[in-house]
Structures are given as structure tokens and as C-alpha cells.
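One chain, chain A, appears in both complexes that follow, with chain B as partner in the first and chain C in the second.
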Partner chain A sequence: MLEVILNGLGGLVAGFQALAMDWRSVVMLIVGGILLYLGIKKDCEPLLLVPIGFGCILVNVPLTDLMAKDGFLRVIYDAGVDTELFPLLIFIGIGAMTDFGPVLANPSTFLLGAAGQFGIFLTLLMALFFGFTKLEAVSIGIIGACDGPTAIYVTSKYAPHLLGAVSVAAYSYMALVPVIQPPIMRALTTKDERETIMKYSARPVSKTTKMLFPLVITILGGLIAPKGLPLLGSIMLGNLMRESGVVSRLTKASENEIANVVTLFLGLCIGATMSGAAFLRPQTLIILALGFMAICLDTACGILFAKGMRVLSGGKINPLIGAAGISAFPMAARVVQREGIKYNKKSYLIMHAMGANAGGQIGSVIAAAVMLSVLAGMGIIS
Partner chain B sequence: MEMDNTTFGLTMLICGMGGTILTLWIMSLVMTALGRLFPEKAEPKKES
Partner chain C sequence: MADEVLAPMPGKIIKILVKPGDDVLEEEEVLFLEAMKMDNPIFAPSSGKVKEILVREGDEVDVDRVLLIIE
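After this line comes the complex of A and B, so read on.
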């Protein structure tokens, strides 16, 4: 009788024993706590860091088997991440939220969105140098898209074992854009360049153009890079719904209810990939460092490209707007405006930067799409 | 075809970045064309 009681009580302390024997779970519980702290107290991407942090805690409590077959997190993961459904649903919401008017009014800023993707490919090279496999390097490089859903889409497909590290790097650095970018902007530009005032004459864009834009981009992008059509098509579907104005219920659902529910599940799933055994490895630190490099390189290449445009335009372009050619929307544009006004109180770069930033959003998706199609062309993926 | 990492990385850099810039450039041209084909019509002034 006593033995049975002791065995029963033993079941209540088994979790503590397992935790005491696995230091990695303890460390990851602390990491989960730090993510929650950053989200709740520091307001650092809370919509993602709170579910990620909690998912991380859930999966590192021993003996729970939440990510084992039929575990509740595994069911959500298989349904939404393994199938690539969650990032695509989020993209529909992003498309529904984004006004591409500034980039349509000034299409040349689209090219800044291309320059802001250089970091992806340079980081891919560096990842290969550090010994990662080809598809792992592709997934690490995509952190440079500064675009969480794109990073998750590509990584879950081609290097799912890196999903936790890549997602955490992508979202953390996106939140740190206001800290990472300004020193690079100052280092690569002269005072004279930073003080340049760019005139903005708002060219009106017709509703027809705004509605044709998502359709044309979907078909054109799909023809050039068919492998990326799910990404491009979902963001453009959301944008078409927004601009058509006839499905406001669907638009609102996409940008609110659907995006919110999916963000919760996606965050939990990312956290769930952060088990101690999978996350606490030297390669995680390398991925975090490479992700940081990717965003620095994006910013630097965007600014250098804008400097080239400045030369070609006879000094009319303020190269600071090049830093907005990344996908972190509208944060990067705000950083550019803030930096610009610091050096010239009469300088209002926000609309130009919004154009570059919207270009960066499409640019990151196009870069991923092109990357996948080139990989397919080389026979590395099917 | 088996390829070494350097060849792979450089191919991705050239084709990937080149493809991205080319695609976005074509898209910017298409957007310019769309803007010209379907310009915003000025609203007729209301008579007082």
C-alpha cells in the first residue's frame, strides 16, 4: 500500500527530477521568460514574442510531450506550419493592410526595394562559408528579407530544424531596426547628403491602377518565379480585396480576425520548435549573428544604391531613403524620416521612404520567389 | 548536377539578386505604364 502511495507521489515529482537532469530545459525556460519580458515590458513585437515565449516555455517543461505525435502543439504545427498555411494567411492580412499608393505614385522607389535584398544573398554566401548545407544557407539568408512570414515559409519548407532560430532572429532584428539602422545610415552618408531636401509632389493614382496592380504583379511575378507564387499571390489577394472596396468584410477579417488567430498559432508553433536540444547549439549563435549581418548588409546596400541614384539624378535624392528598402513596414520608413529631420528640420522624407518601404515589402517576397525558382532551376528543390 | 558551395553561392548571388532587380525593374515599368494608361481623372468642379 505504502509503495503504491510512494509511486503515486513519485509521479508528481517526476517533472522536477527530469528538469534537474536537463540543464538545457532550464536555460530555455529562462529564454522563454526573456522573450515574454521583451514582449510585455519592452513592447518589442509583443504580438509575436508573447506567444513565442510562452510556446518556448510550454515545450521545455519536461515530460509534457506537447510536440510529440498528437500533442496539442504538434497538431497546430502540422496543420499550419508544416503545410505553410500560416505564413500565407498572414500575407493575405498584410496585403489587406498595405497601401501601395506611395510606390505606385513613384515606381522608381521600387528599385530601392530590390537593393534592400542584397543582404539575403550575401548572407547566404556567408552561411555556406560557415559550413551550413545549401538549403540551410538559403533559410538563413532569408532572414535578410526582414520579413517574418517569408522567413518562416522558406525555412519550414527547406530547413524546418532551423525554424526556431531563424524566426526568432527575423522577428528580433525587425524589432531592432530603429537601433540597428541609424549608425549604418550615418556611417555611409555625408552630412551634405543627409541634409538633402527631396521634393514630393503627390501624383494621384487612379482606383483602376490600384486594382490592376495586384493582378498584374501576381501574373507577372508568377510567370517569372512560379515557386514563389503562393507568397506573392496571397499578399496580392489581400491587396486586391482592399483596393476593390467591395469585400470589406473579407478585408477586415483578413487584417484582424484571421491575422490575429494565425499570429497566435504561428507564435506558439515557433516557440514550440525551441526545445533545448534543438535550440541550444553553437549553430544557433551563428544563425543569430548571420541574421544581424543580413539586416546590416540590407541597410548598407540600400543606402549605397540610393547614393548611386543620387549621382544619376544630379543630387536630388537623399540617400537615407535607401535604408527603407527593406520589408520592415512602416518601421524602416519612420527611422528614415526621424534621421532625416535630425539633420534638416525642413526635410520630410516620409513619403519617399514609404514608397521604398512598400517596394521593400514586395522586394522581399520577389527575392524569396526568385530564390526558390533559381533553386528549382538548378534542380536543388523539386 | 552536384556542385560545390562556392559555385552554388555565386550562382544564387548572380541569378537571385539579378533576377530580383530585373523583376522589380520590369514591375516598376509596368506600374508606370498602368499609371499612364489609367490616370486619375480630376473630379468635375461643382457649380455653385
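After this line comes the complex of A and C, so read on.
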């Protein structure tokens, strides 16, 4: 009788024993705690870090099987991440939130949104150099898109075992854009360039243009890069709903309720991929380092490209706006505005930077789409 | 000599920090213009006295609208 009771009580301490035997779970519980701390106390992307941090804690409590077959987190993961459904639903919301007006009013800023994607390809090459497989390198390079859902979409499709590392890198560097970018912006520009005032002249963009834009991009983009159509199509669906103005209930649902629900589940699932065994490996550190390089390279390429545009325009362009050609929206544009006004109190770059930033938003999706279609053409992916 | 402070971009006046008759210094913040969901400080282009304020808090302004006059 006593033995039965002792065995029963033993069941209550089994978790502690398992935890004591597995240092990696202990470390990951601490990592989860740090993510929660950053989200709650430091207000650093709380909408993402709270579910990610908690997911990380859940999955690292031993003997729980939350990510085993039919486990709580596994069911959500299989339904939304494995199928790539969650990032696409988020993209509908992003399309519904984004005003592409500043790009359409000043189409040349779109080029900056393309220039800001070079980091993806440079990082891909570096990842190959470090011995990652081709598909892994694609997923790591995509951190340079500086766009969480794009990175998650591509990674869950081609290198799901890296999902935790890639998404943590993508989201944390996005949050760090205001810290990472300014030193690069200063290093690559002269005082004279930074002080350039860019006059904003509003070219009115008609409603028809704003509605045709998502349609044209969807069809044209889909023809050029069919593999990327799910991404491009979902962002443009959201945008068409926004600009049409006739389905405000759907637009609002996409940018609020749907995006919120999906963010919760997506965050939990990302946390759930951060089990000690999968996350605490040297390659995670390399991925974090490469991701950091990707964002720096994006910024540098954007600024250098803007410097080229400055020369061609006869000095009318302030090259700082090149830093906004990434997808971190609207952080990157705000960084440009804040930096610009530091050097010249009459300099308002926000409208131009928003153009580049919205361009970067589409640019990152197109870059991902193009990359997937090129890889498909090369027979690397099916 | 009067200096007109123009709106550098379209947006909404969210806060006016000076009154007519106030002395302002060059590069002092005179009002905040919200554009693209960001509060942008607008600075006085020169030192002087605020002669007239032509907008009110909450006004939507277009680019190049005269916001206030400093003399």
C-alpha cells in the first residue's frame, strides 16, 4: 500500500527529475523568461514576444508532449504553420493596413524598396559559405527581407527545423531597426548629404490607380514568380479591400480580429519550435549573426543606391531615405525621419521614407517570390 | 521681416506650443504635425515674435499651407 502511494507521489516529481537531467530545457526556460521580460517590461514587440516567450516555456517543460502528435501546440502548428496558412492570413491584414499612396505618388522610391532587398541575396551566399544546405540558406537569407511573415512562410516551407531561430532573428532585428540602422546611416553618408532637404510635392493618386495597383501587381507578379503568389496575392487582396472602400467590415476584420488571432497562434507556434534540443545548437548562433548581417547589408545597399539616385538627380535626394527601403514598416521610415531632422531642423523626410518603406514592404515579398521561382527553375525546389 | 512657417507635408495639427505674441528662438519647436501616424515637430525658421497663428489644433493641413507667421 505504502509502495503504491510512494510510486504515485513519484509521478509528481518525475518532471523535476527530467528537468534536472536536461540542462537544455533549463536554459530554454530562462530564454523564454527573457523573451517575456523583453516583451512585458521593455515593451519590445510585446504582441509577438509574449506568445513566443510563453510558447517557449510551454514546450520546454519536460514530459508534457505538447509538441508530440496530437499535442496542444502540435495541432495548432500543423494547422497553421506547417500549411503556411498563418503568415498568409497575417499578410491579408498587412495589405489592409498599408497605404501604398506614397509609393504611387513618387514611384522612384519603389526602387529603394528593391535596393533594400540585396541583403537577402548576399546573406544567402554567406549562409552557403558557412555550410548550410541550399534550402536552409534560402530561409536564412530571407531574414534580410526584414519581414516576419515572409521569413516564416519561406522557412516553414523549406527548412522548418530552423523556424525558431529564423523567426526569432527576423522579429528581434526588426525591433532593433532603430538601433541597428543609425550608425550605418551616418557611416555611409556625408554631412552635406544628410542635411539635404527634400521638398514634398503631393502628386494626387486617384482611387482607380490605388485599386488597379494591387490587381496589376498580383497578376504581373504571379506570372513572373508563381511560387510567391500566395504571399503577394494575400497582401494585395487586403490592399484591394482597403482601397475599394466597399468592404470595410472585411478590411477591419483582416487588420484587427484575424491578424490578432493569428498573431497569438503564430507566436505560440514559434515559441513551440524552440525546444532545447532544436534551438541550442551552434547553428542558431550563426543564424542570428547572419540575420544581423542581412539587416545591415539591406540598410547599406539601400543607402548606397539612394546615393546613386542623388547623383543622377543632381543632388535632390537625401540618401538617408535609402535606409527605409526595407520591410520593417513603419519603423524604418520613422528612423529616417528622426535621423534627418537631427541634422537639419528643416528636413522632413517622412513622406519620402514612407514611400521607400512601402516599396520595401512589396519589395521583400517580390524578392522572396522571385527567389522561390528561380530556385524552382533551377530544380532545387519543387 | 516676416517668416511664414509652411507645412512640410500634409497632416493634422495635433499640438500648438506657442501663442501670438510669444518670442521664439530659431529652431524652437512651435507645433506638432501628425503625418503617417508620427508626431513631427515643426521648428521656428528664425528667431522673433509670433505674429499670427493660422491653424487650430485638430486642423488637417495640406503641404505648403501657412501655419503661422513669425516676425
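Simple rule for what comes next: the second predicted complex is superposed on the first by the 382 of 382 C-alpha atoms of A that agree within 3 Å, B and C clash if a C-alpha of one lies under 4 Å from a C-alpha of the other, contacts with A are read in each partner's own complex, and residues count from 1 in each chain.
One rule holds in what follows: a contact is a pair of C-beta atoms (placed from the backbone, for glycine too) under 8 Å apart; a residue touches a chain by one contact, two chains touch by 3 or more.
Remember, it's a predicted structure, so these values are computed and weren't measured experimentally.
Chemist: Which partner, chain B or chain C, touches the larger number of chain A residues?
Modeler: When the residues of chain A touched by each partner are counted, B comes out ahead.
Chemist: Applying the document's definition of touch, where does A:Ala169 land relative to chain B and chain C: first, second, both, or neither?
Modeler: After superposing on A, A:Ala169 lies clear of both chain B and chain C.
Chemist: Once the shared chain is lined up, is A:Ile326 touching chain B (first), chain C (second), both, or neither of them?
Modeler: neither
Chemist: With both complexes superposed on chain A, which partner does A:Thr209 reach: first (chain B), second (chain C), both or neither?
Modeler: Only chain B is touched by A:Thr209; chain C is not.
Chemist: Where does A:Met309 make contact in the superposed view: on chain B (first), on chain C (second), on both, or on neither?
Modeler: Neither partner.
Chemist: Just checking: does A:Ala96 make contact with chain B only, chain C only, both, or neither of them? Give me first, second, both or neither.
Modeler: neither
Chemist: Should A:Lys345 be classified as contacting the first partner (chain B), the second (chain C), both, or neither?
Modeler: In the superposition, A:Lys345 contacts chain C only.
Chemist: Both chain B and chain C contact which residues of chain A?
Modeler: None.
Chemist: Please output the residues of chain C touching chain A within their complex, sorted ascending.
Modeler: Touching chain A from chain C are residues 8-10, 27, 35-38, 40-41, 43, 45, 62-63.
Chemist: Which of the residues in chain A come into contact with chain C in the complex?
Modeler: 102, 200-202, 330, 333-334, 337, 341, 345-346, 348, 350-351, 354
Chemist: Show me the residue ranges of chain B that touch chain A in the complex, using the header's touch definition.
Modeler: 1, 3, 5-6, 8-13, 15-17, 19-21, 23-32, 34-35, 37-41
Chemist: Applying the document's contact rule, which stretches of chain A touch chain B when the two form their complex?
Modeler: Interface residues on chain A, with respect to chain B: 103-105, 107-108, 110-111, 113-115, 117-118, 120-122, 124-125, 128-129, 134, 137-138, 203-206, 208-209, 212-213, 216-217, 220-221, 224-225, 359, 362-363, 366-367, 370-371, 373-375, 377-380.
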